[in-house]
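There are two complexes below, and they share subunit A, which is joined by subunit B in the first and by subunit C in the second.
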Partner chain A sequence: MTRVLLAKPGLDGHDKGIKVLATMLRDAGCEVIYTGLHQTPTRIALAALQEDVDVVGLSMLSGAHLELTADVISELKAAGLSDRPILVGGNIPRRDIPVLQDMGVARVFAAGTPYQDIIAWFAAVPGRAT
Partner chain B sequence: MPAWTSRDDITEFGVSHTESGIPVRLSYPPGETSPLPPPGEFPYARGLRADGYRTRPWTFRQYAGFAGGTETNERLRYLVANGQSGLSIALDLPTQMGLDSDDPRAKYEVGRLGVAIDCLADMEALYDGIPIESISSSFTINATALVILAFYVAMADRRGTPREKLSGTVQNDMLKEFVARGAYMYPPAHSVRLCTDLIEFCVRQLPKWNPISIAAAHMRSAGATPVMSDGFMFANAIAYCEAVLDRGVPFDDFAPQLSFLTSSYKDVFETVARFRACRAAWAKIARDRFGATNPRSMTFRVHSGGDIDAMTAAEPINNVARMTLNAFGAALGGVQSLQVPCYDEAYEIPTEDAILNALRVQQIVAFESGVRYTADPLAGSYFIEALTAEVLGQIEAIVDEVTSTGGAIEWITDGRMQAAISREARLWEERVADGREVRVGLNSDKHTFQNDQELAVHQFDPDAVEAQVSRLSKHRASRDSARTAEALGAIADAARQDQNVMETLVDAAKAGATIGEISGVFANIFGDFSAPTGV
Partner chain C sequence: MPSAFSVTDLQRVRQLAEALSAAERGGPTPQAPRPPGRSVVGIIGPPGVGKSSVISELAALSRTRGESVAVLAVDPTSPLTGGALLGDRVRMAAHSEDPLVFVRSFASRGHPGGLAAAIPAAANAALALGWDQVFVEPVGGGQNDIAIASCADVVVLLLSPESGDEIQALKAGVLEIADIIVINKADRPGASSLLRVLESAATGPGRPRCMLLSVTDGLGIKELDLALRTPRAPSGRGRDAAHLASVLDDLVGQARASLRAPKAREDVLRLIRSGQRSAAVRRIVEELSHG
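Let's look at the complex of A and B:
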C-alpha cells in the first residue's frame, strides 16, 4: 500500500483540491496523511520522516511554489529522504513546470489536470512499506 | 442525506438540474406561487429599493492590491480614473496572517497576492491622495481585520477626517475561515470575540462602516453548492448576532450595519433566485428570530464576489463571456456591490489590462444592457418565482438544521460544516471528470484544450518586497520604542480583561506598532489553532 503525504506549504489556505485528492487516493487504496494548512518546509519533512511515506505531494496556489518547493526539497534531503518522489500541484504556470522538474520534482500537475491522471500517477509509485 | 446536499446520480447539470442540483421542470404553469410584495417592502425578495438601479447602479468594486502601498495606490487611482465607484483592497497573505514583511514565515509571500501593510505609514501610502471621506473601501481581511481597521481609523484621525464619515467594509468573518480560505490564527471562540469587538466599535464610532461581511462565497469556492453556501452563511450570521447580543447591544442597533458576501455564479437563473431568496431569508431571520423592528435591520445588503473558479486557464479570452453573464446575473439579482473575476484569474492576480476589462464588463452591463430599466426585471416568471421559493425553502432547512443541532460554532469546531462541503467538492470534481459539468474549452469533447496561448500575466516584483522590508526596518529604528511597547501592553491588558480592544489598537497604530507585533500580543494570550479538515 502506497503511503502518501499531502501538504500545504506556506500561508495559502486554498485546500479544496488537495482534500478532494486525499479522498480519491484513499478510495484508490493509498494511505494518505494530509498535514492541514500553513506548514513550514521543516514540518513537512518531519512529517514525511515520521510517517515514513513513499511519496510527497505539495499543493500551492499562492504563486510562491518555486521557492517553497526548493525549500521542501532541501529539507527532505536533510532528513535523508531525497529518494522519495515529490509531486507539485496547484496554480502552476506552464513556464514554471520545467523549472520545478530541474529542481527534482517528479511530476507537476497544474490546475485543470483531470483527477484520473493524478490518481494513475500515484498508483504507479511503488509502495515500499510492505 | 438532507435535501440540500447533492445527489450523485444527476446526469444533466445545467440542463435538468440547476448548479445546486435543484431539479427543473420542462415548463412551469401559472398560479403555483403567490405574487411577492413589491421591491422595497418586507421581505424584500424583490429588492431593497423601490427604484432598483434607476438612481444609480450597483457599486463597481474590482479587487486590487500587490507589492507595497505606493504600487497599489497607483492601481487604485487608475481604476477610479476609469469610473470605478468603490475600492476593494487585496492584502498579501502575511498581512492576512498577522506577520510582518520581515518575518521568516512571510518569506516568499510578501506583496505577492495583495499589498503588504505592516504599519500605519503603509496604509497612508496606500491612500495617498485618495479622499477617504467620499469613496468607500472594502478590505478582504479577517484574522487581522481589527489591525487593518485600526490603521485606517488612525489615518483618518491624523488627516482630520471625522470617523463618522468613513464608509467601507472589513470582511471580519472568522467563522468561514475555519471551513474555507484558511486565514485563521486563534481558536474559534477568541476569533469570534475579536470580530465582536470590531462590530461593537463600529456601532459606536463608525456608523457608515460595515464591520463584517458575512461570506458564503469562500465556502462555495471550497466546494459547497451555491445554495448550501448561502445556508451556512446565515447560520454563521446568527452566531455573530448572538455574540453581539451577548454584549448587551440591541439587535436594531447593530443589524443595519451587517453586510453579506455571496456571489453570482454561472447559472444565471439560480443566481437570480438565490439573491431574491437570500433577501427574504435574512428579513425573516431578523424579524422573527431576533425581533427586529427597524426595517434597516432586515435588509440583506450584498456584495457579489464573482465566479472566480469558473475562469479557465484554457482559452482565457472565453472568460470574458463568463464574466458578462456573471455581471448580468448579479444585476438581475439586485446586488449592491459587484466584483467580476478577470480573464487572467486562472493564471495570476490581474494585470492592469485585465482588471480594466473587468470594470468595463460591469459598465457595459450597467449602461448598455437595459438591466436598470426596472427593479427585479425577472419577477413574475413562473420559473423564477418557483425557483426562488425552492431556494428559500432549502436555505431555511439548512439554517434550521445547523441552529437546532448546536449552531455554527459547534458545527465548525467539530468539522461537520467542513465535511458537508468536502463531500460536495468531491462530487463536483467527479462531474467535471466525466463531463456532467461542462466546462467549454476544458472538458467538453467538441472543444478540447486547443488554444494554449501564453497570456501576458502579472509579474511579481522582488524589488518591491525588498523595498517593503527596508521601509519596515527604518520604521522600527525611527519610532519611539518605549511608546510602542506601552501601547502594546495596553492591548494585552484589554484583551485579558475582556474589554473591547479596538481603541487600544488605534492608539498602538499611532504609536508605530506593526501588524505582527499586535497579532503577537493576541497569539500569546489566545494561543493558536488547527481546524478540522473535514477529510
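Let's look at the complex of A and C:
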C-alpha cells in the first residue's frame, strides 16, 4: 500500500492535471491525500509528516518550480523526511529537469508524460505492510 | 530556510504520526487510562453535511484555549482497486500551518461500519500521547454506521435542513447513538421546522440534545463547543449495541483476512458453488478458531 501526498505549491490555480493524477493513482491502488490549491512549502511538509506518506508529488504550472521545489525540499528535511521521494510534474522546461534532479527530486514528469510511465514508477515504489 | 516549527512541536507530531502508522499496521500503540477532561468526539452525518468544516471550527476554539487537537478522518477505500482518495484536509486548511492541529486521513481498507480498523487504537494513542482533544470523522454515512459509538465519548450527528426526508430512514440507526444532534447550514430554509421534528422525536431518558448551527454565520458553534465540554453521564443509548456491532465488524475483518489463505478460500468457494452456504459459514468459523 503506497500513501501519496499530492500538492500544488504556489499561486497557480491549474489543478486539472493533479486531479487526473489523483484519480489515476487511486485506481492503481494508492491511498492519495490531496491537499488542494495554494499550498506553502511549510504546509506541504507538515501534511507529509502528519500523514506519514511514502511519496510527495508536486504539480506546478506557474514557472516558479525551481524556487518552490527547493523550499519544499528544505522544509521536508527540517521535518526529518528527507528519505521520502519527491516527484515534480507540470510545465517543466527540459533544461530544468537536471536542475531539479540535482536538488534531490526523484523524478520529473513534465506535461505530456504518458500516464503509464507514472503508474509504472509508482508500481516500483516499495509500499508498506498493511 | 529555517523550519517554521519548533523542534518540540515537530517531535510531538512525529511521535503521533508514527503511533498512527503503527495502529494501521495493527502493531503496538501507546495506551494509557483516559485522562480527565479529555475526550474523543465522533462527528457523523451524511456526505457533504459539513463534518470537516464543523471540526475545523471546533478545533479553532480548542486552540484558543491552548489545547492540542488530533483529527482522524476516514474516507472509503475502493472495493475494486484497493485505492482511496482522501480529501478531508482540504476543508481544514485554516489549520494547515499549525502543527498542533494534527490531521490524519485514514482509508477504510474494507472495514465495515464507517470506520477504519485502526481508529479505536489510533484515538487512544493520541490521548495517551497527550493530545487534548480528538475528533473522529467517519465515512459520510448511512443509517447503520454506528461503530463510532464504541470508540467515541460523545457522538454528534450533523444534519442539514434538507435532511428532513431522511429522518424516518435514520430513525433506527445513527439517531439512536447520537448524544447531540446538530442541524448545520441553519441559515437555509427549513432548519427550525426540522429542529421541532427532532425535538419531538427525541424523548425519554438520555435523549439527545438538538441544536442549530451555521458555520457561515458563526451561529451555534460556541454552544456546541460548550456542550461538548460539559460533563455528562454516559447516555448508553444504543451504546451496548454499538460495542457489539463494532466487535462484529472486527470479526468480519478477520474472516476476510483468514480467506487470504488459498486452501481456506478454495474450500469456501467450493461450498458456495455447490449451494452449501451454511457449510461455507461453518468453514470460515473453523478457519477463524484455528487461525
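Assume the second predicted complex is superposed on the first by the 127 of 130 C-alpha atoms of A that agree within 3 Å, B and C clash if a C-alpha of one lies under 4 Å from a C-alpha of the other, contacts with A are read in each partner's own complex, and residues count from 1 in each chain.
Rule of thumb we're sticking to: a contact is a pair of C-beta atoms (placed from the backbone, for glycine too) under 8 Å apart; a residue touches a chain by one contact, two chains touch by 3 or more.
Only a predicted model underlies this, so the values are computations on that prediction, with no experimental measurement involved.
After alignment on the shared subunit A, the placement of subunit B and subunit C results in a side-by-side fit free of clashes.
In the superposition on chain A, A:T40 contacts both subunit B and subunit C.
Of the two partner chains placed by superposition, A:G90 touches none, neither subunit B nor subunit C. When both complexes are overlaid on chain A, the residue A:A111 reaches subunit B alone and has no touch with subunit C. In the superposition on chain A, contact is made by A:E75 with subunit C only, not with subunit B.
Looking at the shared chain after the overlay, A:L49 reaches subunit C, while subunit B stays out of its contact range. Legend: residue contacts after superposition of the two complexes on their common chain; A:G29 is shown touching subunit C, with no touch to subunit B.
Put simply, the nearest alpha carbons of subunit B and subunit C end up 6 Å apart when the two models share chain A. Shared contact residues of subunit A, touching subunit B in one structure and subunit C in the other: 22-23, 34, 36, 40. The residues of subunit A lying in touch with subunit C in their complex are 1, 22-23, 25-36, 39-43, 45-47, 49-52, 71, 74-75, 78-80, 128-130. Note for the complex: subunit A touches subunit B at residues 10-16, 19-20, 22-24, 34, 36-38, 40, 62-64, 67-68, 91, 93-95, 110-112, 114-116.
By the touch criterion stated above, subunit B contacts subunit A in their complex at residues 93-94, 96-97, 99, 105-109, 112-113, 177, 180-183, 221-223, 312-314, 346-349, 422, 425-426, 429-430, 433, 442-443, 452, 454, 457, 460, 530-531, 533-535. For subunit C in complex with subunit A, the residues that touch the partner chain are 1-5, 10, 13-14, 16-18, 20-21, 24-25, 77-78, 81-87, 89-90, 93, 96-97, 99, 102-105, 107, 109.
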